[in-house]
Amino acid sequence: MRPVDSSTVNALTTGRLPRWAPWVLLGGSWIVLCVVFGFVAAASDSEFNIAAALFLGTILFDVLIFVVAYLVEGARQARDRLITSLVATAFIIALLPLVSLISTVLVNGLPRFDIQFFSESMRNVVGEGGGALHAIMGTLLITLAATLISVPIGLLTAIYLVEYGRGSLARAITFLVDVMTGIPSIVAGLFAYAFFSLILSDPGVRFGLGGSVALSLLMIPVVVRSSEEMLKLVPNELREASYALGVPKWLTILKIVIPTSIAGITTGVTLAISRVIGETAPLLLIAGFTASMNYNLFEEKMMSLPVFVYTQYANPGTDVQSYLDRAWAGALALIVIVMVLNLVARLIAKIFSPKLGR
Amino acid sequence: SNEGGAPADSESTLSGTLDGAGASSQDSAQQAWVAAFQIENPDVTINYEPSGSGAGREAFIAGGVSFAGTDSALSDEEIAGEFGSCVADTGYVQVPAYISPIAVIFNVEGVEELNVDATVLAGIFKGTITTWDDAAIVALNEGVTLPSAPITAVHRSDDSGTTKNFSDYLGKVAPDVWDAEATDTFPYPDAKGEAAQGTSGVVSAVTDGTNTIGYADASKAGDLGVAKLKVGDEFVSYSPEAAAAVVDGSPAVEGRDATDLAIKLDRNTTDPTHYPLVLVSYIIACQEYTDAEVGPLVHDYVAYLTSEAGQAEAASSAGAAPLSSELSAKVATAIESIK
Amino acid sequence: MTTAPAPRAKLRLGDRIFSGSTVTAGVIILVALAAVAIFLIAQSIPALTADPAELKGSPASFWAYVAPLAFGTMWAAALALLMALPISIGIALFISHYAPRRVAQTLGYIIDLLAAVPSVVFGLWGIKVLAPAVTPLYGWLVDNLGWFPLFSPPVSGTGRTVLTVAIVLAVMIIPIITAVTREVFLQTPRLHEEAALALGATRWEMIQMAVLPFGRPGMISAAMLGLGRALGETMVVAMVLSPALVITFVLTSSSNSPTIAGNIALNFPEAHGVDVNVLIATGLILFAITFAINSVARIVINRRKAFSGAN
Amino acid sequence: MSKRIEVSDLNVYYSKFKAVEDVTLTIEPRTVTAFIGPSGCGKSTFLRTLNRMHEVIPGARVEGEVRIDGNNLYAAGVDPVLVRRQVGMVFQRPNPFPTMSIRDNVLAGVKLNNRRMTKSEGDDLVEKSLQGANLWKEVKDRLALPGSGLSGGQQQRLCIARAIAVSPEVILMDEPCSALDPISTLAIEDLIEELKKDYTIVIVTHNMQQASRVSDRTAFFNIAGTGAPGKLIEFDDTATMFSKPSVQATEDYVSGKFG
Amino acid sequence: MSKRIEVSDLNVYYSKFKAVEDVTLTIEPRTVTAFIGPSGCGKSTFLRTLNRMHEVIPGARVEGEVRIDGNNLYAAGVDPVLVRRQVGMVFQRPNPFPTMSIRDNVLAGVKLNNRRMTKSEGDDLVEKSLQGANLWKEVKDRLALPGSGLSGGQQQRLCIARAIAVSPEVILMDEPCSALDPISTLAIEDLIEELKKDYTIVIVTHNMQQASRVSDRTAFFNIAGTGAPGKLIEFDDTATMFSKPSVQATEDYVSGKFG
């Protein structure tokens, strides 16, 4: 049977803004504010500030959409729309500094982002020229050593917490990992300095491995946390399947649990690396700075990229501009390295992650 | 690459590693000296750590480094003690190596030239003079229209020899206003002024801010306006010659050996060819080293950096004022005692 | 079929070694933290016992020196958190519950990109771009709202104020807070979301009923994580802030309370003698502050456990 | 309250995958209708299209019409929020809001529309709804405690109380007893018997005995195999379905030959 | 292969909560035994005590004896790892290892225990086990592909192949078909029929028709209410259990009066 003609009023409908309405309102608000700002700028002879115009336009839109929706759709829908637009506004606000930062770094960093920058150190360089090879090598070595210290400790601890840990030791470790997450990076640097200057009884101690130790303090909790999460994600069914085949626990962990979660663990480790690779303060204290190459982690000062950026900015010679150019190029290089690491992490996650489902 | 790689024609027989530490004011000059010296002597590596004058002296006394750079000469107690790297009961050498005028830089709308004297400077940086059109400033600047804007006085937020010399100058010349002792730390930390990190921080704060004034190593002044300083009855602008002149004209610290050329700077000079707002940084070394291989290295390096060539290098790459020939000769004699 | 001998337990060496090494790793963390605490305390003692006259700037006492630092640390971090938290929650909700799935992933990457920017670079940006950009705004604020204690004159001529620092810190911690809150929002049980929707809730009402209450402990820990980073951030503060040894709430002036981390970075390079101990002691206090704030957060989370989504 | 539901030619898709094909049926007011069928045959999927809850799943969409007292749920301009107020839903696993007290759980839906409800109105509604869900006696002394502290069966009844507090006209239940023990199951079954006086009820169940105990009419869904869409095979009075169904597959299923 | 299992006076606890009380029964070699009963009555819990898999759950412990051909599983010094090699298990949801190919999944139990085997021995074992699980024909061309690419029913048979590859003597199955569609369910039921020739099989099922189709003997568990322990109510030949059980509760349950 074919009931009620569909032209009769449907009791389930309410007033509803057409789909295009929010977009038109948003565009309208932007245009209005741009015009207003344009007039103000013309009248007061100041610069036309597009960022402020768009920002205030978005705020105007937030207000307008609420009012219009209130009138057409009622209070509840209006509140829903207001929140929707506020949430989108939050996103735009976060984007503004990102865009500004990236463009600044690109504009200032590209002039010295050249071959010389990646093939030379600063040894015997005064003024123009030179490069950051020594800093890049130092960063790689220090971070590598920090990774070699942190990953085994962090991963094994995570395994302990997920697979073995019960009782007070596990609780204490969980708690301390929490505490460790909160260690300020400068404190890690101070500790490494205090520790090594005491045991080597050298008040001016500076060497690469000290930096690695400081970075490890920052890295370990990140590795523990992310690995713990990943290990927890491994379904218990897989462990049980393995136990039910008569496989001992340690082999189950090694051959089932870790392979299943390896993608997540590697991603976590890579992200932990990118978290510490940009650290400046602890390295300034314990790894020091130098203009020359140093491949030896165990003695002599070792340059790192963040410290390079900082010292180029903070202690320029007479030719300030070429120091600043190097600082920005170093900043760009640092961002590129970290971004590449992030991409690698994503790629690893894609490649290794077990193909679940169909 | 720029690492290692001896030029084939080098005749140098020197080799080894030389460690120094101390004043950060010398840092850019040291970088230039080290670079030039290492190019001449490819088997030599010199590390100069700009860890601060105090730390440098401390490290030298403890024997951690073979030479130190310092903005303040060794004190009498320090001389009385032992020096770790030196053979016991042998003397030390202390020579001026780096003279740098300190510029008073400003960035005030519509003002190209500015005259100041020590009293006004002290008032501005202590926070008792707060606007540009203050009568005290106007009095020194006839014919200049100063805005009625607040003054932002920028000082160093980190410890620095520049601050110490700036403070020393104000304390000597305008003791009524500037009643603080000269230290590396800016003495009025709760003044309304602005603090910025490092010379570059001060320069960029002055450049990017509005109606600002600050003090910085003259070589970093760049395009900023530089104030003239009242000396005697005239207003002088800084110049390497005027800076060197005040050093030359100042008496030696009394009661020191012939190898200690510590200078008691005459801040109160009234000679208009002098520029008394200047920083003098010394090199300290042993006369005889317990490690015999170090002696020749130190000797050659310090000789180089105080030589005409070394001073010219410092002038071009760090904006330093070269030692006068008179002073140079005394320094050369003192250095001969290093073995 | 013959009766097999009863399966006897072997000493499983593999199990022993493996579980032993995991315990060892856990214990290393314990030891490392103990070492951090012990070394910091040992190195701090000379500063605490020294005659105040020997300390740099001759403060009345060590504590008089630390008070403005501790205040400035918390003030800057609190301001940063105040700005970052609502924005982060907004972004997290946008990604988890508003943007279409494909778009959400890209947006997530973009925000993660912010996290990838090292802090020196933020420092450079803050000093070269942000500070000059906000200087006119501060001028306007002080001219028009100068009666309000937070904006009392004189205005900074360079924009290097605690507010600028807090903005940079906020930008730096937004990705951290966003990442954690986004995860907890995504983990809201579908069960509860559907329960709300089935009652006829709009999307926002569903978020209010199911997502936010479920995510509250997560949001608190995310905020604490962000706060921890803001408290400990060093380079940005050292490079951007214009510090003075005072305690002040004013947001737009040249005199700002310094932060512990920034102060260490500024003074450590030239410090010697007991000054090094003083700086290490302030580092210890920073550690204690971070720890105390984290503990408070944990207590808050635990107290609400009966009503949390944990069961 | 309670309404007639008419479904015609309904297809349901998850993105490209057609999960339910071509369902046409009419559910009379104040009846209990049971959906039975093997796992994966689309019972839950179809049930959700009766109050547009499928839209919560990304990619899910329908073709066809569902009319509730003549109003097409899928007409342009229909507000799914309004639909869901009229057609309530109870899920497989009890899902009281863990952060709310028992009282707030009951009032959760009501407060959305009527923010300014007085305390005593609220009290009345809580009592009425909990009475309606046969739960009042058990919880009246602990209304301020979290709902998650109740046993599974009590939680499920709390969810039913929450659903009826907004006075819907239809209640959909997706395997409401499958996570409960036998005693709690009996309590829910008794409750359904009572609710039927006021509401139109649709219940999905895996348990054929339950279907025969509680429902007036039964719909049997089946699928040809993994990947094939689910179809409505037969829809008739429950008694007929269990005694002399007209399709062989139904007979095989209800007699336990497969599934 | 295949062994007799004798359980006497078994209690199972989760920490303080007694989940199963006082079970005594004997399972003969080469039979299929079905466990039925309402949700939460402890079927899964009891099943897991037959190969000490309950020990994986923190706080779970037993009192009493389980003897397999006379050897008490819970005697001092017994290695649970060795017990599990003799008593295999298949779970409710198919759980092939996602990181492994089909071939590696089958060999997992052998390889993970570091037993060395040549490629051809491996091939033989894979073929034999997959044949045994009625899966060989369907997957022989894609042994190197991940096991998770199979359909649910195929995955479950892969899990059975994996279990029999380590040559156990008993196979425990916990609702092996409850997540599968009817066609796959039939395939598994046929497989159980064949496995019975070589193995002692214990299967938990919610589906009474399935119990009556595949099992020789049936055990009915029940619980008095939430929080009470589950108990073995009756254990007898399947035919008897479904036609004239001696306990009223059994009759009520198998006739669908509750559950």
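As written, the chains take the letters A, B, C, D and E, and residue 1 is the first residue of each chain.
Quick note on the criterion: a contact is a pair of C-beta atoms (placed from the backbone, for glycine too) under 8 Å apart; a residue touches a chain by one contact, two chains touch by 3 or more.
Please read all numbers here as calculations on a predicted model, not as lab measurements.
Centroid distances from chain E, each centroid being the mean of CA atoms, peak for B. When chain pairs are compared by contacting C-beta pairs, A-C ranks highest. Once the centre of each chain is set as its mean CA position, chain B and chain D turn out to be 85 Å apart. Separating the CA-averaged centres of chain A and chain B is a span of 41 Å. Taking each chain's centre as the average of its CA atoms, chain D and chain E sit 34 Å apart.
Put simply, the C-alpha centre of chain C and that of chain E have 51 angstrom between them.
Shown for chain C are the residues that touch two or more other chains, namely 12, 128, 202, 205, 239, 269. Residue positions of chain D with contacts to 2 or more other chains are 81-83, 112-113. Multi-chain contact residues of chain A (touching two or more other chains) are listed as 76, 248, 251, 313-314.
Chain D meets chain A in the complex at residues 6, 26, 67-73, 75, 77-79, 81-83, 86, 112-113. Listing the residues of chain D that touch chain E in their complex gives 38-41, 151-153, 178-186, 206-210, 212-213, 222-223, 225-226, 255-259.
Contact residues on chain C toward chain B in their complex (touch as defined above): 56-57, 127-128, 131-132, 135, 153-160, 238-239, 241-246, 253-255, 266-267, 269-273.
Taken together, the chain E residues at the contact with chain A in this complex read 51, 53, 56, 58, 81-86, 88-89, 91, 93, 95, 97-99, 108-109, 112-114, 146, 148-149, 151, 159, 162-163, 166.
Across the complex, chain A meets chain D through its residues 1, 3-4, 6, 8, 10-14, 16, 76.
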